[in-house]
């Protein structure tokens, strides 16, 4: 249910009363609806599913995860955060 | 199905797709399993003969012992008629030139039959014909016979073209889908998916924009260059509808060998890969109209590869896999992670997915 | 591609696999509940890399397959009506109803069109004022916000010729149904990353607590899936059962508030029948009364639908049989080794089938 692809917002505009944007997936662009990411700005990365941005991608979290993953096997450090509920 | 069954959930419940035995559906034209079934069920029983049964891109016939001809026919119904990198005319010429060349033959003559829709602007027809002329010149073939029919408005997407090609197979050349042998290497002449994606984009239904161009090209000169340096070219095929995956499955079946691909070696343009990610397509199933697959004896593979890389349409050639004796009739792929997966035949049309 | 290629890196994958191997001590059964994750596991052969102690079970995570036969038949009936343009996500076209599919309807003259986005269906409605445009609104919570927005837009634009055929399904009730079954073997869940991008993962805390099952929000690339697995195995080995976020670059605890607001505005919970499983209470979404006039089920009279599953497939026994294909009566005849399952994981056409037959048996 989840074919969501990361893309970079390269343009933002309004169309039909909705916040829309042009998203670049690496050599191919497509229009997507940005209504669900009101905080989005040009240059942000987002996950696009059926022409809608679901969430912005946090570069910080991404780098942190990759860093920790690179160390796995040496330090046995676990990436990921525990849920707030128990 | 018992609706009151408790959820003893055991796995995905995907209902089997229908086999469509009553009507033609679009999938029958996609070059995959449905197309294959159609040939087996309807055409072969009536038209049966050894040349047809061989199942190669062109038919190998011997009107007399010293003359071996390759004959192939193709109909072109692509829509839209014009797209980045090509058009129906170029496709009509190159498609058939290539099918003939895949038997190791020098394509000589083409026929061209046109079905024109009432109301088609003559300007369009002129453009298409000019394109065919350019492609034929490049390939070095002559269009020697033709036909034109007009149908009522609405009965054809403006223009359909059928081309039939004839070529002479050189003495000593034995190339065909059944000739792959364990130990051979698989060479692909360049990046996959360009044609499939450029046409999809030109249709405009899925709304994406890229600079991808169709790769339509006549490959007979490339084939000549290869045959000049080696007599160990066992199979040639152009991965058109159904893509590399379907083509290799056909060969694996004809030769009764196993084919193992190396995912990391597959050439693909980043933009084509990006479109595939977006739509959930597997690039191995996309159509190519200016690429060939060659299965070559291991000792000659490097030499053939170098010869290919010196030609206009073979610059980006890569060795992408090898032939094994098992699993017979199957194509596998070694992923970039070191695991192995099956590469199956396309069932019907390739559809964008949300899953 | 940024945020994609890094998560397919072979060395990271191997680090994770090694760590999983070192961590696991006992046998565990882990379920991933998303078709996209199943697809990735198949495509990259991830299950081949795992130690034998870990059994991966694939959940009912493909909305295309779990859409009830009845609803597919309704879709076919509506699509067959003159003056209707039936729009749908691509992968639905191949799903069989009782004897037909949307391809057959198209072949018989129905105007069936694939759309990439529900907003494309809205555009088709705007450009074809003389036709009725119906959109097949299927999906999990990931797709619901997009489908909901098309409803909101139709209303805002005053479109009289747009309606939706709704078949939304929700993950948490399915998890309850699976975990609550007496035959349940699942000991940990990899939660669907993009469902959680929308809904957050606060809904899973009570489930983890009630059934004592770790639930780890997991992404879709090989590194993400293995990371999710590692986190669940760690919990299992330590006897913990908590929710955990293994996809923090996209998912937050609360989820996407603007999307949830639109979902609340447009949809309300309802019971839903899942193909191959049965009725799961409160497991679906339907249009709220305020939007009922956009409901295709009421706009079109489709008569009595008598759904008929193929007797060969989709029955409790065959579900079991699919796990052991040689016992399935259709195996090798109608249901070829290439396509024992078929409708889903469609673009990799055989990768899924391969898993069930060759992935395990032949290639380990």
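Which chain is which? They are A, B and C, in the order written, and residues in each are numbered from 1.
In this section, a contact is a pair of C-beta atoms (placed from the backbone, for glycine too) under 8 Å apart; a residue touches a chain by one contact, two chains touch by 3 or more.
These figures come from a predicted structure and were not determined experimentally.
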Selected pair, greater C-beta contact count between A-C and A-B: A-C
Geometric centre: closest chain by C-alpha means: C
Euclidean distance of C-alpha centroids - subunit B vs subunit C, Å: 33
Chain centre separation in whole Å, for subunit B relative to subunit A (CA means): 37
Whole-Å gap separating subunit A and subunit C, where each centre is the average of the chain's CA atoms: 21
Multi-chain contact sites of subunit C, meaning residues that touch two or more partners: 1, 4, 35-36, 61-63, 89, 116-117, 120, 139, 143
Overlap residues in subunit A, where contacts from two or more other chains coincide: 1-3, 5, 25-26, 49-51
Subunit B, residues touching no fewer than two other chains: 207, 270, 273-274, 277, 280, 353-355
Touching residues (chain side subunit A, partner subunit C) in the complex: 1-6, 8, 16-18, 25-26, 32-33, 35-38, 45, 47, 49-52, 54-55, 57-59, 61-62, 64-66, 69-70, 72-73, 76, 78-86
Subunit C residues within the subunit A interface of the complex: 1-4, 6, 12, 15-16, 18-19, 34-37, 61-63, 89, 116-120, 122, 139-143, 145-146, 149, 153, 156-157, 192-195, 197-198, 201-202, 204-206, 208-209, 216, 220, 223, 227, 230-231, 234, 242-246, 248-253, 256, 258-259, 262
Subunit B-touching residues of subunit C, taken from the complex the two chains share: 1, 4, 8, 10, 13-14, 35-36, 38-39, 42-46, 48-49, 57-66, 69, 89-91, 93-96, 99-101, 103-104, 106-108, 113-117, 120, 139, 143, 177-178, 180-184, 222, 273, 275-280, 309-310, 312-316, 319-320, 322-323, 330, 334-335, 338-354, 356, 358-359, 362-363
Subunit B residues touching subunit C - in the complex, by the definition given at the top: 1-18, 20, 22-27, 32-33, 205-207, 270, 273-274, 277, 279-282, 285, 327, 332, 335-355
Residues of subunit A that touch subunit B when the two form their complex: 1-3, 5, 25-31, 48-51
